[in-house]
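Heads up, the next two complexes both have chain A, just with different partners, chain B and then chain C.
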Partner chain A sequence: MSSSGRNDVGGPTLGNSGDIKCQKIYKPINLLSGDPAVLGKIQVGTELNLLIEEINGNKSLRLVYQNEYVGSITSFASQIINCIEQQGHTYVAVVLSMEGGSCVVEVRMIS
Partner chain B sequence: MCRKKSIVIIKKCDIINYITFFLDNKFNNMKQKIVAKLGDNVESLELPDPREEIMPGVLWGHHTHLFTPACWKTLLWLEQYTPIFQSHRLGKNLNEEIAACLLGGYGIPAEVGLAAFYLMRDEGLLQSTPSEEEIYKLLSSPLNVGNRKVRYRFAKQKSKYLCSALEKLAVQSAPENDDLQFRSWLTSFAGVGYKTASWITRNWLDSDQVAIIDIHIHRAGLLMNIYDIKQNPIKDYVKMEENFLALANGIQVRASQLDSLIWQEMKSAGNMVLRHIRKSIN
Partner chain C sequence: MLHIVGGTYLEHCLEPARNELFGSGGRAASALQFLNGEVRFTTYIGKNEIAALSVLAGTFNIHLKKIEIPQTVSFYYHHCLSDPSIYPAVSMIEKSDPITITDKNILRFGFLEGDAIVHGERVVYDPQNAFNPRLFCENGSTAKELAVVANVNECRKLTGGLHSWYEAEELGRKLLKKEQAQVVVVKQGSLGATVITETETFNIPAYKTTNVWSIGSGDIFAAVFAHFWASVRINPIEAAQLASLATAHYCNAYTEAFPVPKNFQEIAKYEPINRRNNFPQDAKQVYLAGPFFTMGERWVIDQARNHLTGQGFNVFSPLHDVGYGEAEDVAPVDIEALRESDVVFAILDGLDAGTIFEIGYARSLNKPVIAFVQNEGEENLKMIKGTDCEIVNDFVSAIYRTVWAAMET
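After this line comes the complex of A and B, so read on.
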C-alpha cells in the first residue's frame, strides 16, 4: 500500500530513515537523456557501469559504457544510490531493449 | 530636437533588447526531451528548460537530477501505467480508514501502525463502539510485525482517540461531497490534526485539494525550495500545503499522486536525503 506510514520521526533534518532493503534486480528502467552517439555503440545485453554524480548539489545516477556517458536513470535511483553508498553494494546495468529512441535496462546487484 | 534624439535612442535600445532576447531564447532555452518505453509503446515528454521557474524561486531543474520538480514530473510520467496510481484507501469503510490513519502517524513506523489496524479490524472492533479499555487491551499486547513481536507506542493515548472517533462516527455523517469540509470535520476528532485529516481525506476521497505534510514531503519541499527551513508544519501547515498544491499545479500533476510518489521515493532514499538537505542549508 502506498504511503501507509506518514510517520514523523524527528524534524526535516533529524531522524534516521533506517536501512533500506536492497533488491538484487531493479527493472525495467528507462534510460533518460541518452547520448545518441554512445547509444549507437551498445545493444541488447551490453553491460553498463553505474556512476553517481553530484551536479550543483543534485545527485544523478549515470550509466557509462567504456568511459563514455550513455544516459541517466531516475527510476529506483535513490534506492540504488543508497544501496551503493550506504550499504556497500555494487551494481551493473544491462540493456534489455532498444526501440524507437528508447533504451530500457535492468540494474543487477553483483555484490 | 533633444526629444527626437532621445526617442531614436530608445528605439535602438528596444531593437538591441529584442535581438538579445531572441538569441538568448534560441540558443539558451533548452527544453528537456524525454523518450521512454511505457508498456508496449515508445512515448515522449517535453519539459521546460531546467532554469525556468515553476513559481517564484522554484526552478524546474533537470529531469535526471534527483529530487527536482522535473525529476518528479518525469517519474510520474514513467509510472503512469503502474500500480502507484491505484486507490490510496487503507480500509473498506470510513471507520476503518480513520482507524488506520489514527493508528499510524507520528512516531509509529508504517508496518507497526498497519499491524495495529489489522488487529483492531480483525477482532471486529471497528464497526462498533468498544470501550477505551477494550481497545487498550488489544493495543497494548505485543503485535506481530513480520516475524517480530513489537510493542505499540502510545497505546493508552491512541485507545482514547480511537474510542472517541468510533463513538463520533456512530452518530455523525461525514460531509463527503466536499473535500475541504470533510477535512475540517475530521479535525474535530480528538487526536486528528491537519496532517492526519489530510491523509484520511486524500485516501478516502482521492483528493487533490489537500497535502499531507509529513517528514518526507517536508524534506522534498526543502530540496525543491518550496519550503523555507524555518517553516514548520505545526504552525505553517496551510501555507506549506498551498505551496505543495501550487507546485503540483505548476508541473501539471495530480497532488495526490505527487505526494504518493514523493513519499515512496524519499523513504527509499534513506540517509542520502538528510545529507543532501544539510548541504543545501549550509
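After this line comes the complex of A and C, so read on.
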C-alpha cells in the first residue's frame, strides 16, 4: 500500500452538498441493489426516473423503470438530491453500459 | 444484530472508472442490508462527506453513529489490483480519539484515522493494515470469542513469522496462539482462504468468476463471515464458505450482488478453483504478449507482469526479458519462450502484428490465450474469438482469468 500523498485532489467530490453548483451530468455512476428481474428489461440508452426516499431521517436515491425499482445509486447522490430538492432541478438517469457485472448510468439534468 | 466499526473512505478507481464513498466499514455495513436485520455502524467522517454518508445510511438501512473529523481519507487506485495512493499521506493523517464500543456481536476493522477499542462476546477483527497491522488486544480490546480475518501479509507481520505466503496453516496457528483467538481465517486471494481453529484446519476455495471487481472484496468476506459466525452463530468453516461464495458473487455481479442478496446461496453458482496441491511451488509460466512502443503500452505490460508474478507465476515478458533487438535475435527467443509457457496473456488493443502472430502460434500449440482488448471491432477479433481465445475487456478480470487458466493446466 503506497503512502504517497497527493496534493492534487482533483476529480469530483462525492459528498459535499452544502452550497453546490449543480452539474449537467454526473457520471459514471454504478447502480447498486440491482433487481435482476427489472435489469433484464432495460438496456443501454434506457431512461430511468429518479426517486428520492427518506428512512429514519436519511435520504436515498432510487432509480425506477416503468414504476419498478431498478436499484439505487449513492455516488453523487447527496449532490443530486440537493439539486432536485433545494435548487429545483430535474434529472433523469440514462443507462451507459451493462457489462462486466455492472450497470453504469449517467444522471442528466433536464431542467 | 451486528455492530460494525470501521473506516469510511472516498474511493476513486481509474479503470474501470468508479468514484464512491465506502471504505471497509461503510462497505461492510452496506453489504449486510438484506442478510442482517439490524446493522449498527460507527465511523469517523469528514464534514464534507456527512451528507453522502447519510445517503449511504438511508440507502442501506444502517443505524449510523458518526464522529466528525477534519477530513475524510481518500484512496486512489489505477485498477483493482493496484496499491492505492492515499490522501492525505498516511504519515500526515491526523489521528482522532479512539472509538469505544461495547456490544454483543462486533466486526472491527483497523483504521488509518483513529482506532476502535471494542468489548464484545463474539468479535471479528480485520486489521486492514498492509504496513503495520496491530494485534487485536493491543489497544485494550476484549472478546469472549475472537475470530481474526487477515491476509497472508498481515498474518506474517502480526506473528513476526517468516513463512512463505502459501504456508497459511503455519501462519494461522501462530496467530491463533498469539491472539488467544478461537478462529483465524487467512485470506489468500485467488487461492481462497484457510480457516484455523484449535482442532481443525480447512481450506476454503475461491471461485472462478467471469468478471473480477475486487476492490472491497475483503470487506465483503469479513462482513458475511461476521454475520454468519457472530450473529447467526454457525461454525466458522461454514461461515467462511458462505463468505467466500458471497465474495465471488460481489466480484462477478457487482450491481446485483451488492448488498449481498438474501438468496445468494441459490443464485451464486460458481465453479470452485481447482487448487493444486503443488501450487505455487510448481509455478507455471505466463507468456506476456503485447506491444511496447509507447509509454501507455509499456505501462500496461509492466502492470500485467507485476500482477501475474504477484500471483505466483513466472512471467516471460519480451519487453523485460529480451528487450529491443533485430528480428533474428528476438524472434527465436520469443518462440522458445512461447513453447515453454503454459498460458498466454495478450494485450491486443492496437492489433500489433507481433502480438497477433504470438496468439496464433500459441493456439497452434493448443495453449490457452487470454486476450485483453477494449477498443477493437468484432471483425478484427474474429480469428481470435473463433480459435477459443478468451476475450476480456477488463484488465483485472483478464489477469484473473489467466491465473485460473494457468492453475488448471
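The criterion applied here is as follows: the second predicted complex is superposed on the first by the 91 of 111 C-alpha atoms of A that agree within 3 Å, B and C clash if a C-alpha of one lies under 4 Å from a C-alpha of the other, contacts with A are read in each partner's own complex, and residues count from 1 in each chain.
In the analysis below, a contact is a pair of C-beta atoms (placed from the backbone, for glycine too) under 8 Å apart; a residue touches a chain by one contact, two chains touch by 3 or more.
A quick note: this is a predicted structure, and the numbers were derived from the prediction, not measured.
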Counting only touches as set out at the top, which of chain B and chain C does A:Thr74 meet: first, second, both, neither? both
Looking at the overlay, does A:Pro36 come into contact with chain B only (first), chain C only (second), both, or neither? second
A:Gln86 contacts which: chain B (first), chain C (second), both, neither? first
Which holds for A:Ser102: it touches chain B only (first), chain C only (second), both, or neither? both
Thinking of the overlay built on chain A, is A:Ser60 touched by chain B (first), by chain C (second), by both, or by neither? both
Just to be sure I follow: which residues of chain A are touched by chain B in one complex and then by chain C in the other one? 1-6, 9, 11-13, 15-18, 28, 30, 32-34, 55-61, 71-72, 74-78, 81-82, 99-102
Residues of chain A that touch chain B when the two form their complex: 1-13, 15-20, 28, 30, 32-34, 55-62, 71-79, 81-82, 85-86, 97, 99-102, 104
State the interface residues of chain C toward chain A in the complex, per the touch definition above. 10, 12, 16-21, 33, 48-59, 61, 63-64, 72, 74, 76, 83-92, 130-131, 210-211, 213, 251-259, 393-394, 397
Complex interface listing, chain A residues touching chain C: 1-6, 9, 11-18, 28, 30-36, 39, 53-61, 71-72, 74-78, 81-82, 99-103
Applying the document's contact rule, which stretches of chain B touch chain A when the two form their complex? 32, 34-38, 42, 44, 61-68, 71, 74-75, 78-79, 84, 86, 88, 90, 100-101, 104-111, 113-114, 195-196, 199, 212, 214-215, 218-219, 222, 229, 232, 259-260, 263-274, 276-281
